[in-house]
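Take a look at these structures.
In the two assemblies presented below, chain A is common to both, partnered first by chain B and then by chain C.
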Partner chain A sequence: MATERVAKATGVRLFWATMWARAYPRMVGTFRERSWLFFETLLPVLAVSGYVFIYRAIQAPPAYTGFAVLGGAMTAFWLNVLWSMASQLYWDKDQGNLEIYVLAPGPLMAVLLGMAVGGMVMTGTRAAAILVICSWLFDVSYQVAQPLWLVAAFVLTMAALYGMGMLFASVFLVSGREAWHLSNLLQEPIYLVSGFYFPVKALGFWVATFASIIPLTLGLDAMRQLIFAGDSGLGFLPVPVELAVQLVLAVVFITAAYFALAKLEQIGREQGRLIERRR
Partner chain B sequence: MSETPAIFTQNLGRVYKLRGPKKKGDPKTIVALTDINLTVARGELFGLLGPNGAGKTTLIKILTTLLLPTTGTARVLGWDVVHQAQEIRRRISMVSGGETSGYGLLTVEENLWMFARFYGLDSTIARQRIGEMLEVVGLADRRRSKISDLSTGLRQKMNFIRGFITDPDVVFLDEPTLGLDVTAARQVREFVREWMQAHPDRTVLLTTHYMAEADELCDRLAIIDKGRLLALDTPTHLKQRLRREAVFTLRVAPLGRRPLRREDMLEAVPGVRQVTVAEQDGATEIKLILDSEDALAGVLDHIHRRGSGLIALEKREPTLEDVFIDLVGRGLDVDTSVRAEEGD
Partner chain C sequence: MALARRVFDAPRVRRHDGLRSFLVAAWLGWQIESNWADPFLFAVYTIARPLASVLILVVMYAVITDSAFGQPIFPYIYLGNALYILVGQVITGVSWAVIDDREHYRVAKYLHTAPIDGYAYLFGRGVARLLIGTISVLIVIAFGMVLFRLPIRLDTVDWPLFLFSTALGVAALAGLGAIMGAWTMTMARHFWSVGEAVAGALYLFSGAIFPLDLLPAWLRPLGFALPVTYWLEAARRALLGPQAHGFPTLAGLTNAQLLGILAAFAVVLLVSSRLFYGRALHAAKERGLIDIETGY
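Let's look at the complex of A and B:
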């Protein structure tokens, strides 16, 4: 006797369902964890304030204030990628969720993308809050010349940044406990090298070029050029070049993430790493 | 199609390589499964009974495609676990007892919904099924609770029904009642039984180290120990193997220290097949499997010679525990897992 079956989506529809299902906890998390909202907004605002006061004390060009504010808002995304993307599969394994992800027919890539999309939405609220509060505090004025370019710059930056997070998720999982150390290690230097609080051009050509591997560096630089059109002389490279690099980074990171996931699953199944628990 | 068994394994084996720094002399590998040959038909509620470390979880992880075998083959619903994992994954589910999965921030309902969507269930249908099943296991009033506010028992119940929401053909339950209180464990068993009745073409494979659970629930059962399959039959048949022998429980005054020489031990009394001894409330409880009742006289004599005396004697119906003891010479409660040194 055959019993009735429940219909299940496959292919693209399954991918889509999986992605949004995984994004969901992050999106509702935006509202359920108000205390995070507070800290994740307040701390960057304080950091930005620090830079602004220094800039004012040393009489740096006024444009630097706006630069620091924008950079401060973007740190929210950087922290999100570091703590909630790169380390996420590692925590998920500890929690027992990774097994369920691998076991489910929904592709792992959709799970990762869902994490990214959810993270962007959640962090977007933090970034917006930081931007609004700091702009009001320090009376920043914006002069957006090409809004479409700005949208493109933001989207490409997000794609490259979260693509990197997706790649790191597998890498961190395999490297185990070192993941946490690496996260810690990366956080502060990147603030500096990526020019979160000042134009990256100030670091000199070679450091800036090297730092361009990190998707935020050029993305932020392009966005600054586009938002503070009056001060475009502080930009590192022409905006189209920067965006082209971002595009390449996005494609490379996301493709690499795909292969890293496949590899992760393979060695996980071979070595029993998907199932082991710390006892 | 229906002739393909739900589960089929042939000479299935798994060896774990141990990673990380090791002291000299520590083993480099652990043999978790050896030569497992198993066929489970569709519609069976099949049990794997064995102590901790027997290899039950390893077998489940191989069948659910989370782990590759190192030797032999395994098929689930006719699909190969190594090369056709995706086909298998669409049609099965797995839940482990003591699982801590899910996101604390989400409610019971939301967690289950998320997992259901990973299987491609329609959102509305998923919600409806979740509502129904929460009702059945008595979790309906907690559907809107964040799971971080749930006791571990309730959380485990939630994870348990996750295994059924996606309407699987084969459900793998790894020690589903582990750590649950008596009532919750009974509910879980009841749920499995009723689900099988309502879906006679589906299959459940569950592992347990509680013999009563295996006895009560399973149509057929495999006893495994140290990675080997020792017996495979219905619980009734397994117990019948001991029918001709005699199974006794004795309470005696404390027996004192175990004799040093093998020939002075209880095991050496003629006709004694298996002995387990436990100290209990100032007395010694002895479980005996004898070749026949005639051996009892020798046992009582032995006990007197050791300065003890009989308090109570009971002839019992054999249990699965006795079957296990008869097969391996120790009880099910002995942990046989090999522990690797922690790497860091």
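Let's look at the complex of A and C:
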């Protein structure tokens, strides 16, 4: 019986194949298991509705409804980065997958990148659903004056954000139960300092500047300026400056993730922590 | 530990399955929630989230009203959000105990083969979250009194109304939490969303952060069917005094009527939760879900 010879992937081809292999379950899961539509849009819609009603209670201008809706949709990406990027290698370690990743020939960096690509696709569908439902519920109108800039703002924000997620994943890899608590801690405080539900400019120059290390801070600010063109006075920095900062953040985070992963994998091997399960 | 051991060894505790399960579970819950960090770090983690959550509302309010913290709507929003911390902790605490035992620590099968009262155990596990929530509420309110001059004067607070309504409110919430926990036992997917979805819905429909009158007319009856609505109203009246009467939603009810409604909710929810727990436990065993590990 003749056996078919399978070409062995190496180098860039191996990296590419590994990345898509890791992204695949996240992408296909979105369409195969649709029950998320109820749960993963219901919760953010409830949260966004709460903020919208507060703005109505204090008679805020209608644009603020749009600010809250956009911020609420973007929470999906932040939660995805925290729970499905930063904490993912910790979960994988807990479930015994991490040791399989390490034993397989594919590079771990490709696994991380696959997680990011799959996460972006998966979360993009959730964010879009939240945006559409809330915009319809609260009659939000958008005025996109420069669509190409908007696309650039979104793409750069995602690159920087998921770069940060990859870096966090490497750092969380060596943590135990603290990973869980750290992810919990980084929710509401980040919603606050990044201005998810109000213009970040309101926090003052220095807080907004320090918060800009979180890519969603300037990303959201830029997108709001581009989507709600009539309220550009509420922006923190000019859009081109914000996009330039996002580009720098993306490069820095992805590079740092590469080195951090290599270093922490080495530490994990030396200390035998890659396969430990501390509950 | 020595104190815990003394309590567990007390003859009355040893004889009573329910009491023993409750106390041991409460101690276990506290250990799980608090023993992963030193006390300072634990305190930071405990306070940071609720403070950030209330500060989001404060900044939103300040941006629109130019920091008019003296308006009656501000203490309404601030206190509602602060007190709501308890709701979230109790409702999600019990269902997360089920998830933790089943998926994370993988001890569900051992628990259900041990001589414990599972229903009392669930309540006990919720107690730790209740304690943490209570500390957070106190800190957030104190923070508001100092920084934003919340009009709360300790000598004019109606303490009996506050304490009695809170006890009834927490009892009703514990019943609701136990129902969520029991429901979680029968689920293999999305179980982590159950508590949060219910807590989120209560946040929106109970007038926690805005007066119910702002909801569309067809959604308002939902708010009147929730115990949290009445607890928050009673607590606001107790803490704020006449200022709390600025919002007409439940102005037609006296304090005694509010307490009566809350007591009725507490009784109905506690009895229902006991019955529901029995059915859910049977269903979970029948479907092989009692110790399922989905990794989901």
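Just so we're on the same page, the second predicted complex is superposed on the first by the 267 of 279 C-alpha atoms of A that agree within 3 Å, B and C clash if a C-alpha of one lies under 4 Å from a C-alpha of the other, contacts with A are read in each partner's own complex, and residues count from 1 in each chain.
Everything that follows uses one rule, which is that a contact is a pair of C-beta atoms (placed from the backbone, for glycine too) under 8 Å apart; a residue touches a chain by one contact, two chains touch by 3 or more.
Predicted, not measured: the structure shown is a model, and the values here were computed from it.
Asks: So, A:Q95: does it touch chain B (first), chain C (second), both, or neither?
Replies: both
Asks: Is A:L148 touching the first partner chain B, the second partner chain C, both, or neither of them?
Replies: Neither: A:L148 stays clear of chain B and chain C.
Asks: Considering only touches as defined above, state whether A:T18 meets chain B (first), chain C (second), both or neither.
Replies: A:T18: touches chain B, not chain C.
Asks: For chain A, which residues lie in the overlap of the chain B contacts and the chain C contacts?
Replies: Common interface on chain A, chain B vs chain C: 33, 95, 177, 279.
Asks: Tell me, which parts of chain C touch chain A in their complex?
Replies: Of all residues in chain C, those touching chain A are 36-37, 45, 48-50, 52-53, 55-57, 59-65, 73, 77, 104-105, 189-190, 193, 196-197, 200-201, 203-204, 208-211, 214-215, 295.
Asks: Please name which positions on chain A make contact with chain C in the complex.
Replies: 33, 35-36, 38-40, 42-43, 46-47, 49-51, 53-60, 64, 91, 95, 176-178, 181, 184-185, 187-189, 191-192, 196-199, 202-203, 279
Asks: Flag every residue of chain A that touches chain B in the complex, lowest number first.
Replies: Touching chain B: residues 1-3, 5-10, 13-14, 17-18, 20-22, 24-25, 28-29, 32-33, 95-97, 99-106, 111, 177, 268-272, 274-275, 278-279 of chain A.
Asks: Would you tell me which residues of chain B are touching chain A in their complex?
Replies: Its residues touching chain A are 16-17, 19, 57, 61, 64-68, 86, 89-90, 92-94, 96, 99-103, 105-106, 110, 113-115, 117-123, 125, 129, 146, 166-167, 198-202, 339, 342, 344.
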